[in-house]
Structure formats: C-alpha cells, structure tokens
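In the part that follows, the structures are each spelled out as structure tokens.
In the two assemblies presented below, subunit A is common to both, partnered first by subunit B and then by subunit C.
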Partner chain A sequence: MAAQTRQAAIVGGNRIPFARSNSAYSRASNQDMLTATLDGLVARFGLQDQQVGEVVAGAVLKHSRDFNLTRESVLGSRLSAATPAYDVQQACGTGLEAAILVANKIALGQIESGIAGGVDTTSDAPLAVNEDLRRVLISLNSAKTLPQRLKALAGIRPGQLVPEIPRNAEPRTGLAMGDHAAITAKEWEIGREEQDELTVRSHHNLAAAYDRGFFDDLVTPYLGLSRDQNLRPDSSLEKLAKLKPVFGQGEGATMTAANSTPLTDGASAVLLASDEWAAEHGLPVLAHLVDAQTAAVDYVHGGEGLLMAPAYAMPVMLARNGLTLQDFDFYEIHEAFASTVLSTMKAWEDPAFCKEKLGLDAPLGSIDRAKLNVNGSSLAAGHPFAATGGRIVASLAKQLHEAGPGKRGLISICAAGGQGVVAILES
Partner chain B sequence: MSRTVLEDAPAMPALFARAALTARGRGGDLPDTRLAREGVQVDPAQLAGYARVCRFPLADALPVTFPHVLAFPLQVALMTDRSFPLALPGLVHVRNRIEVERPIGVGEPLDLEVWAERFAAHRSGATVDLCAAVSAGGAVVWRGRSTYLARGAHAPEGAPAADVEVSVGALDRMAAQWRVPDDAGRRYAKVSGDVNPIHLSGLTAKAFGFKRAIAHGMWVKARALAALSGRLPDALTVDVAFRKPLFLPSTVTLSTAQVSPGGWDVAVRNAASDTEHLVGAIRPR
Partner chain C sequence: MSDWYREFANSGLGTTITKNLGLPRPAVLRRYEPGQPLLPGPVVVGSAGEGRLRKIATGLLEDAGVTVVSPVAADGGSDGEKFGAVVLDATGLTGPADLASAHDFLSPAIKRLRASGRVVVLADPPAEATSPAQAAARQALDGLVRSIGKELLNGSTANLVYVPFGAEGSLGSPLRFFLSGRSAYVDGQVVTLSASELPGGEEHDRPLAGKVAVVTGAARGIGAAIARVMARDGAHVVAVDVPAAGQSLAEVANEINGTAFQLDITSDDAPTRLVEHLRERHGGVDVVVHNAGITRDKLLVNMDAARWNSVLAVNLQAQLDITAALLAADGVLKPDARVVCVSSQSGIAGNRGQTNYSASKAGIIGMVRSWAPEFAERGATINAVAPGFIVTEMTAKMPFGTREVGSRINSLQQGGLPVDVAETIAWLSQPGSGGVNGQVVRVCGQSMLGA
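Our next item is the complex of A and B:
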C-alpha cells in the first residue's frame, strides 16, 4: 500500500441533458442513459478500449434486474471490457459519494484512474407487482404439489393487479420529500419570494452558462435534447409568483412546482485520476478532490429536518481542513428545493443552531450569494437523483479551473433518509 | 379460584358468534376463574405476518405487543363464558398496559394465564380489566392489562372508580404520517386472530353501531411501538389510552417525544381533524 496518500484529480466530466419525466427519455432505461454518458466521456477523453481502474455509479430508482447496473453499462460501452465496476446508492448523495469513493482509491494508490457517475429515470420506473400478489407468487413458486399450487393460486384477488409504484416518500415518515422540506421551510421562516428569487437565478445562471459555451465540453446531446429540458431562460419573479403552492398547507405554504425540483431523467459521469495518469494521457487536471464528509440526522423522532444533514457535515469537514465557510470562491449547494438551500444557509448563520446543534462557539456565518451556484443548479437543470453529484463535481471543477489555480469550491448535497454529503474541490 | 388449562387456543370466530348469541341476560360480579395454556410455541408464520402488518422487524425476539395475540383468545373465551357479567359485543377497548421484564425469544415455550379483575365504575358505565401473564422458564416475563368499557353497564356496589387515563406531554411534533387503508382491520385480524366484526367491514361494523369499520386499537399501539424500533429498552412498560375510534380508511399522524433515556410519549391523531386516537407512555423498567 502507498505510504502516503495523494489528492485525486478531476479530469473532466460528461452528462446528457436532463429531461423532464415522461418526456424525451421516457423510453430510455437507466442502463441506456448511463452507457450513453460513459461513451460520451470515453469519446471526450480518448478512452476507447482502455481500461480505467474502476467505474462506480448508481441509481436511486432501480429495477431488480439492474443489480449490476454499472458493470452492465461498462460492458455495453466503449471502455475495455476488463474495466471493473460496482454500484453504490446513497439516494441523492449517490453521485457525489461515487466520486468520493473513486477519489479515495486513487488517494490510496489502489487505482490510477476511475469514473464516478449516476443515473436515474422517473419515467422508466421500476413498477413492482402488488405486495400481496408477490407473496402469492412466491408461495406458488415454492409449492411442490398440485394442491399446494391451487391453494396458493386461491390467494389471488383482482385488487392485487394494481402494481406498487415507487413514491417519492420517506418510508419511515410516509411524507413526500417536499412535505418534509415544507416543514423545515416553515421552521426556518423561509419566505416565498426568496425561494422564487433563488429559482429565477438558477434558471438565468444555467441559461447564461449554456450561452457562453460553458457546457460544451460537459454535456453530450442525447435523444434530441441538447439542453436541459427544464431550463426556462425567461423565468421571472412575476411568472413564478402566479404558481400555487404544492407542498405545505394553508396560508404559510410557499413551495411551488417551480421552486422545487421536478422529477427528471438523466445521467452524469466524472473522470478522476492521479496527476501522473492525467499527465501520461495528456489530459488536464481541472481540480483536486480535497476532502469530503457525510452526516445524518434523526428526522423521524429527533426533530431535525429531513434535508438538514449537510448543515452538520460542513463544520466537521471545515475544521479538519482548517477552513472557514467563507474561504471558498464558489459554492454548489444542491437545489433539491429552493427552501432547502435557504434553510441550510440560514442554519449556518444562526448562532443558536450552530451552538446547540453543531456545538460551535460561533456561527459558520454567511455565504456570498454571488458565488453560489453560479452556473445554475438543480432547480433549473432538474435533478435525476443519482446524476446530480456528477453534474456538480464536473461543473465546479471546470469553474475552478477557469478561475485559475488555488481556487476553492464547496459542494453540499442533501439526501433522502436524513443524510448529507459535502466535499471540497481545489484547482 | 378455579383454573382451567386449555390444550389449544380457542377458535375465535366461534367465540365471537357465541358472544353475539349470548349477549343478553348477563350480570353479577366477575368470575373468579383463570384460563391457562402451557408450553405454547409461537407459530413462525403467524409471527412473520404479524410483524409485517404492524411494521415490526422480524427478529429472534417477539415484538413487545405480540404476546397479547397469544393471550387474547383465552381472554375472549373468558368473556364469552356465561359466568362473565358483561356482554362482549359493545365492549370498547379503552386502555392497554404492557409490562415487559425481558425480551422473549421466538423459540421459548410460554405459559399463558388470563383472568378478569377490577370491575370499576365509569361515568358512562363500567370497566373491567382483562389481564394476562406470560411466563417463560417459570418466571413471569410479560404482563398485559386490557381495560374495556361497557357503556350503560353497572359495576357492583362498592366498586372502585375506573382508571382509564394515561397522561402524556405536549407531543406537538409529527414523526410520521400513516395512510391506513380500509382493509387494515382485515389484515390485522388475519395475523392476530381478532376477528371482531367491528374491524372487518363497514357492513359488519354498522351492525354493532359504528358508522364504518374501525382499526384494532392493539394494531395502532403495535405500529406506534414498531415506529420506535431500535430506540426502546429491553425491559419496559407501555401504557396507552385509546381515545376515539380510528375509522377506516384514514390518514393519521404519529407524534413522538423522548421524555427520558428509553422513555417516550406517543400520540396517534387524525391528520385532518386532530381527533386523538391513542396516547401512550413508554417507560423503562
């Protein structure tokens, strides 16, 4: 094993434009999209028939037949078939966690290069047979005699033909993620207008980034899409103000279909490597993955918000690196909901929260909004759960590279199950 | 006191039928009898079904509420016997207290004993406690006390006052929301054996004066406990009051509050109207 660790380099990334649910990619499977995304990365970095150290990716909504989704995608891609792969799943943290795992193996010298990615489809979703029917079929399958089989078949009811449809709800609380976010938004007194402002900025920033060609070497067109389908360059406060709230109840409801991310289909991939491997292959180093941290909160019985875990992960990572929240040139806070970004930032500014919940003497303080999600984020681009991490890592690495050496970027991603993943990149 | 040991669990559908037929003409004091079963083995299939319906993890120790379904048939047999003063149809489960001395292993042979006590006067009738003791290895490891209210009934002269309240703290934070489907009663009946018609369908519930089928109180209690899986001590007391019936289907909320290490207050309320279905106190022993 290597005596010393090294920082993994981010060489570049590729993703397909994100599509709204049941639209442009409605006939594409997770494997289709991940394979296309890998092939785009292969083409961009000349990796055809080459073996990279490992490909790590995942999907949040996954068919049981896709148990080896990433390996199957690799086998169908132009990468060498001798490239090992494995799947990870950490809800919306999947993509970033995959990048951390690849980076850590590179840091330890176990691999020289690797691809981290993620994919999700809410269109080609894994419908399951009704739970009662499933049990009947299992007992039918294990029945050995005709009477046993007949007895098992007698358990079938017409109502069991209704399939189980995956719900965007927390299993333990029965609440949709948006309902959870609405509770947090209310607790932190996040207003409708500031959410809409953040949303408009996300659309304008993403549109501007497309217009200046920022995504030319980050996105590969797929199935007729060349830009994210959810992007509305002409988004305005006036238009958003007309929308009715969809999450939360009564007068205080602030969360609309615009300031919440829509269900989306898409995939992303990031190429990571050691500096040496990048040099040998004549490839650039955009940034290094410096450090990362996860955290989890008790959102069921502990009274913390479902999506507040990044607030807890952040001070741990900052302290380990001797940094303050203000020591960064760019911030990428995943816009699961506009209110989530705002609640998280408000928590970091709040002396009571930072003292009582984070155990800090002083609050982490505020973030310069001009440095936040400068190329747009999930509200505009959409959020195919596992693909978001890869989108952010590649975009931030490129942004840091453009800004020059020694620039720092911070990533914060909240995830279902009360989890959060944060990371530091540096050019 | 007389004590009868039964070989098998009494057949519940027959008991409920008999209860309906023999509802009239009852009275007097509680019978001084105990019903028992010895060396009872838990049926793994029943346990798995129970765990699934109540959302407990299937483990090598019994869910806290499971011994109730072992003892319940004996309690029903006691209540349907001619000597029992109150008619089973119309009895409302208003409180349930469970004391657990230690976790019970799935394979442990269990001795069950049930009896009735505490015939008490209530402002709208009389209450009676159906008790159960579950022993393993010669020691009582589990106790259950179900308090039933008989509206319009009269407790005997000199009876104590009914004790049906459980006090809990504020409980203003929702932990979970449950969509309780209209077949929740049938599902629990299948795994618990409690085939009381008021839980099975709207039609059978109407026959007993309810506008719709109502959820089993013990299912609501079990599900609330299951939601706290992993956070409860091995030895504990769970005392719940069943307030208003939970009509099927309904959407309800569970609120929880930790009040001490291993101690929790819980409440289950209707999501729309805030009607309180269950309040409970869980305390370490």
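Our next item is the complex of A and C:
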C-alpha cells in the first residue's frame, strides 16, 4: 500500500458523436459503440497492444448478454487482451463515477493508468420477455416429465407476447424523470424563458466549440456522424418559444422537448494515468482529478427533488478542499434538463435551503454564467446516460489545459434514483 | 479494382489471343516484400569509357547480396543465365563517339533481361560537362534511357541517375531503389543526385526504424498506403486527416500501430497545432509527407471561385504553410528531415477540367525546387512525387473507356497501385536518400502524358 496518495492525471479522451435515438446508431449495440470509442482512444494515444491498468465503464440500459460489457469491449479493441476491466452502473453518474474509481486506484498506486468510460443506447434497447411468460418458461425448463411440460406450456397466454419495455421512469414513483424535474422546477419557480435561454446557449457554445476545432482531439466520427446529431447551431429563443411543454401540467408547465435532453445513443472514454506514466509515454497531462463526492436524497418520502442530490454533495466537497463555489474558472453542470441546472444553482443561492437542508451558515452563492458549460452540454450534445460523464471530464480537462496551469473546474451530475456526483479538476 | 485485362492477358488463352492480335501485354509487376532479395537474378555491370562509378556500384551491389557479372559474359552467347538488371556506368563519356560503347554493352545485355528486369544508367550531369561535345553525350543518355523504357517488355523499367562529381557517396539508396521491387511502377525517370553526408549502418529491411513520420490525408487511398509502407519500414506514423474522416483514420492508425491526429490542414491554426503536437508527443519529426489533396473538377470557363480556392488551399497553400511552420519551429524538424510532397502527372502534363488541380500540383514542383537549397543546408531534403494513373476508389468510378485508356497509355501498359506511390515516398524518406534533393520523381509507368 502506498504511503502517500497522488492525484490522477487526465491525459485525454475520446467519444463518438452522440446520435438521436433510432437514428444513425440504431443498429449499433452498446458493445459496438464502446469498442469503437476505445479504439479511437487507442489510435489517438498509440495504445495498440498495450495493457492499461484497468478499464472501467458501464451502461444504464443493458442487455442481460452484456453482463461483462466492458471486458468484452476491451477484448474486441486494439488494447492488449491482458487488460482487466469491470462494469459499473450509477445511472447518469456512471461515467463520472467510473473516472473517480480509476483515479482513486491511480491515487493509491494500485494502477498506473486506466480508462474510464460509458455507453448507452436507447435504440438497441433491451426488451425483456413478458414477466408472466418468463415464469412459464422457467417452469418449463425445470419440468422433468412430459405431463409436467405440457402443464407448464398450458400456462402460455397470447397477452404474454407483449414484452417488457424499459421505461425512463423511476420504479418507486412511476413518474418519468421529466415529470420529477417539472415538480422541482415548479418548486423553485424556474421560468420557461430562462430555461430556453440556457438551451440556446448550450447549442451555440457547442457549435462554436466544433467550429474552432475544440473537439478535433476529443471526438472520433462514427457511422457517418462527425458531429452530435442533436446540435442545432441556429437554435434561437424564437424557435424554442413555439414548442409545447412535454413535462408538467397545466399553465405552469415549462419543460419542452428542447429544454429537456432527448433520448440519445453514444459512448465516451477518458484516459487517466499517473504523471509518471504519462511522461514515460510522451503523453500530456491536461488536468488532475482533485476530489469527488456523491450524495443521495430521499425523493420518495423525504420531499426533495429527484435530481437535487448534487446540491447536497457540493458543500461537502468544497469544505473538504477549503474552497468556495466561486473559486472555479469553469463549471460543468450536466444539463439533464435546463430546469435542473437552474434549480440547482438557485438552491445554492438560497439562504433558507443552504441553512435548513445543507446546514450552512451562509448560502454557497451564485455562479458566473459566463463560466458555465462553455463548450455546450447535454441539451445540445445529447445525453446517452452513462456516456455523459466521460464527455464532461475530457472536455473540461482540455478546457482547463488550454486556459493554463492552476485553473480549476467543477463538475456536477445528477442521476436517477435521487443521486448526484460532483468532482473537482485542476490543470 | 483488379486489372481484369492484365489477368486475361496473362492467362493461358489470353496469352495466345493477345500475342496473335498484337494487343498490349501488361505484365504482373515485381513488387517489394520484406525479406525479398534485391534482384531475382544476377546484375551485369558495364561502362562506357573510363567510368568512376563502376567499381562503387559493383561494391554496393555485392554488399546487397547480388551476383555481379562482367559484360564479357554478356557477349558469350544466348545460353547464359538471364539478368535481373543491367547497370551502365556512363561517367567516362567524353563525346558522342563514346556512346557507341554504351550501345555495344546495352544491346546484348538487355536482350537477356528477365521479366520485371531493371536497366539503370549512371552518368554525370550535362550541366557540369567541360565541353559541348561532352554535354551532348551526357544529354543523349536521356533520350536513350527513355527509349529503352518504351522498348522493354514484361514489366521491366529503365531509369537514369545523374551523379555529379563528389556525390558518389549518395549512390547507394537510389541504386538499390531503382533495382528493387520498390520501383515497380517508376519508369523512364531521371534523377540528379547531390553530395550529402549519410549515416552509416542503415537496416535495409527497416530503413525508417525509430523515425517519426507525418502523413497527411492518411485515412484512405494513397495516403493510407503511404502510412502502411512507412510503418512497415519501421516508422511511427502520425496519421493526419480531416476530422470528418476520423473513423477510417483511426482504423488505419490502429492497423499500423501509429497515432491518429484529426486536423483540417487548411485551418488558420493548423500549422501551429501540428507543430505543437509533434513537439509535445514525439519530440519532433523526421519525415513529413504532404499527401492530402482534393479535386473539384470543372472546365475553367465554368469554374467558380469556391472550387478554385478550395483546391489551391488544400493542395498547395497548406503544404507551404505547414512546411514553413516546421522550418521556423526550433528543433521540431530534425536536422536530417525528409519532406516529400505529392504532386501529380496533371501538374506536369495538364489535364482537361483540372486547371485548379493542375495549377496546385505544378506549384508544388516550384515549391520543392525553391526550398531544396535551404533543406540541403540543414542536411535535410525536400522532393516531390508525381503519380500517374493510380488505381484507387476514385479511378474505379471513372467511365470504363476513360479508365481503360488512361491506365494503358504508359510503357507498363497498366495503372499503378497506391503502394507504388508509397514505396517511392518511403524511399525518398530514408536516411540514406540524403543525396536526392529537389527532385521530381514520377510514378507513372513512363506515361505518355507530359513526358
């Protein structure tokens, strides 16, 4: 065991452009996309046949056959087949959590390098056999005699042909994530226009980043896509104002298809290492992963919003590092919904919330909007659940590197199940 | 993309039919493979007059494991062994009368040349002659060699190397290239050497071992072939192409254990980004291959500014800007660097509908010649390679007639392959090719266009 820990370096990243559901990647599986993403990373950093310490990745929507998704992707990639791998799953926090896990092992000296990633498809989604039919088939499988088999088969009904379709809904409330976000938006009185403004800025920032070549060494084209399919460079408040709300009810409904992230397919990967490993391989250090924190809230009975957990994780991490919310040069707050970003920031500015819920003497305060999601975020790029963390970590690390040494960046990602993951990067 | 006619002409029935009808008989060319002997048979070395290179050439050939036979044996009847190559040292020429000895040597020797044989003539440059008569004799070799190239059958080639006084030490790499399968589609070419200080101990099978080579336009076609050959010869290849071609670029890079660098070479900051990438990731660069190019064909009278400007920007301006940035960046371009620029037959002969493309490709030749002295001062070289009809995905889309005619009007009666261009570029990139500078080498099978 290492006597001292060290900070893991972020060397770089790779992702494929994110595609809208049932479109460019409709025939690509999670394993296809993750393998292609790993191979793009290998090509960028010359890792052919090399053994990295560990590859950690996951998917939120997963086929049962993909029980060893990451390891199978490694075996299909140009990495050495002797590279160990494991899967993780923390809903939309998967990608960032994977990076934290890899960074922690590097910090402890257990590995010298590692790849963190995530992938999701809502097109090639796992359909399961109807629950009644599944029980019949299990009985049939365990039946030993012909009469027993016939009896089991007699249990089959036409209605059992309807498959189990995965839903973007919380199992404990039955509400879609968007409906949960709409409740929070109403509580925090988040208006339609500020959500649309945030959305337009996300599209414009992402388009500008592509135009200046920012993504040239972060994205590798895939199946004919070279930019995120959801990106609308000409997005405007006027166009967005015409859309009808899709979440929430009645007069106060503000959340539309534009200021909510669409279902998306895609994958991302981040290469992390010790400083020594990076130097030995002639690779750059873009930034270091300084610290991270998770939190969870009781959105079922506790009266807190489903996506508000990052608000709770943040003060814990800031206090541990002796930092204030304003001590950062760039902020990456995952845009699950525009209203989520706005609710979270409003909560940090709110004295009552900060005192009663977070137990702070003073509010965390406000964030300079000019430093927020400067290269676009999920509203424009799309949000293939487990792939978002990798997208953010690699992009923020590069942004910090471009800004020069000693710059700090903050990441905040909300996740299903009332969870949140936050992290600090520093160049 | 296979050459159906060549396959037919080399089949049993096809041989009979093409011979009886006097149709073209394109040969299956001898192409280089690692470990292959330099030549499939012995080489006969002769001289016209008292040459100074015969002994040097003989030594080089013997070092390469080739059996050297003297011209006396060549006269010894028709029962003898067939030759893999014929090498003439013509540095002893004093006037046209001496050319008779060239004829005396070449005529019987070439009669006994094997398939995919090689004729290489070594001479002094006409410009350095001491008399008009000597200059005439030296220049006469140009016409002689080009005509031999047109007379040779069965995939054989003829090339002329001018070796100025003092440049004898530069001969090894060009001589080996013109004899080997690497020059399968290089025919009727004239290369003038210059004096250079060359490193010793080069591995002939992996001449680029330990070198870092940048190849632009590496995602497909000729660029991908260049990347593969460079890697085969030992180089770490930094494969560059536009971001939109990134998927195939990554596949090429992974296939050859290189790295992919997505870059639009026409963007304002492209030279800076490439220079910084090479400095940070590789500590500099040994070989730069400017291969990226586009076509936007239209007759000049119908050509809009966008077509004109985009072709000139990608094919010419980007090469100028990137090369200038590499020269200016301290320590990035290694002292013995090799820069190879892909020109085109269209840049030499012109081509209908390609005023923009031809202008850009001719411009490359001007650029290379202008930069050559500055490169020489550094111990570096800059050369151009001008492909002729090369069989690619692009030519596969041409109409049948145009493609067949285009691919046959050369001495080898067939189109070249991307690997032929790649082999020539890889040769110019070798440390041992330091005596080849400011040259334009056509890879065209001695095309009739622009010759």
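Operating definition for what follows: the second predicted complex is superposed on the first by the 427 of 427 C-alpha atoms of A that agree within 3 Å, B and C clash if a C-alpha of one lies under 4 Å from a C-alpha of the other, contacts with A are read in each partner's own complex, and residues count from 1 in each chain.
The working rule: a residue touches a chain if its C-beta (ideal position, glycine included) is under 8 Å from a C-beta of that chain, and two chains touch if they have at least 3 such contacts.
Only a predicted model underlies this, so the values are computations on that prediction, with no experimental measurement involved.
Undergrad: Once subunit A from each complex is brought into register, does subunit C clash with subunit B or fit beside it?
TA: fit
Undergrad: Hey, is it subunit B or subunit C that touches more of subunit A?
TA: Touching more residues of subunit A than the other partner does is C.
Undergrad: In the overlay, answer first, second, both or neither for which of subunit B and subunit C A:Asn104 touches.
TA: A:Asn104: touches no partner chain.
Undergrad: Answer with first, second, both or neither: which of subunit B and subunit C does A:Asn321 touch in the superposed model?
TA: In the superposed model, A:Asn321 contacts neither subunit B nor subunit C.
Undergrad: Examine A:Leu175 and indicate which partner it touches, taking first as subunit B and second as subunit C; both and neither are also allowed.
TA: In the superposition, A:Leu175 touches subunit B alone.
Undergrad: Regarding the shared-chain residue A:His301, is it in contact with subunit B (first), subunit C (second), both, or neither?
TA: first
Undergrad: To make sure I follow: the centres are taken over C-alpha atoms, the vertex is subunit A, the ends are subunit B and subunit C. What is that angle to the nearest 10 degrees?
TA: Nearest-10 rounding gives 150 degrees.
Undergrad: Which holds for A:Asn22: it touches subunit B only (first), subunit C only (second), both, or neither?
TA: Once the two structures are laid over each other on A, A:Asn22 reaches no partner at all.
Undergrad: In the overlay, answer first, second, both or neither for which of subunit B and subunit C A:Asp216 touches.
TA: Second partner only, subunit C.
Undergrad: Between subunit B and subunit C, what minimal C-alpha to C-alpha distance in angstrom results from the superposition?
TA: Least C-alpha distance: 45 Å.
Undergrad: Please identify the positions on subunit A that touch both subunit B and subunit C, taking each partner from its own complex.
TA: No residue of subunit A touches both subunit B and subunit C.
Undergrad: State the interface residues of subunit A toward subunit C in the complex, per the touch definition above.
TA: 36, 39-40, 42-46, 48-49, 78, 213, 215-217, 219-223, 226, 282-284
Undergrad: Going by the contact rule set out above, which residues of subunit B touch subunit A in the complex?
TA: 173, 175-179, 227-228, 231, 256, 258, 264
Undergrad: If we count contacts the way the header does, which residues on subunit C are in touch with subunit A in the complex?
TA: Touch list, subunit C to subunit A: 236, 243-247, 249-251, 253-254, 257-264, 267, 269, 273, 280-283.
Undergrad: What part of subunit A is in contact with subunit B in the complex they form?
TA: So the residues of subunit A in touch with subunit B come to 172-175, 300-301, 303.
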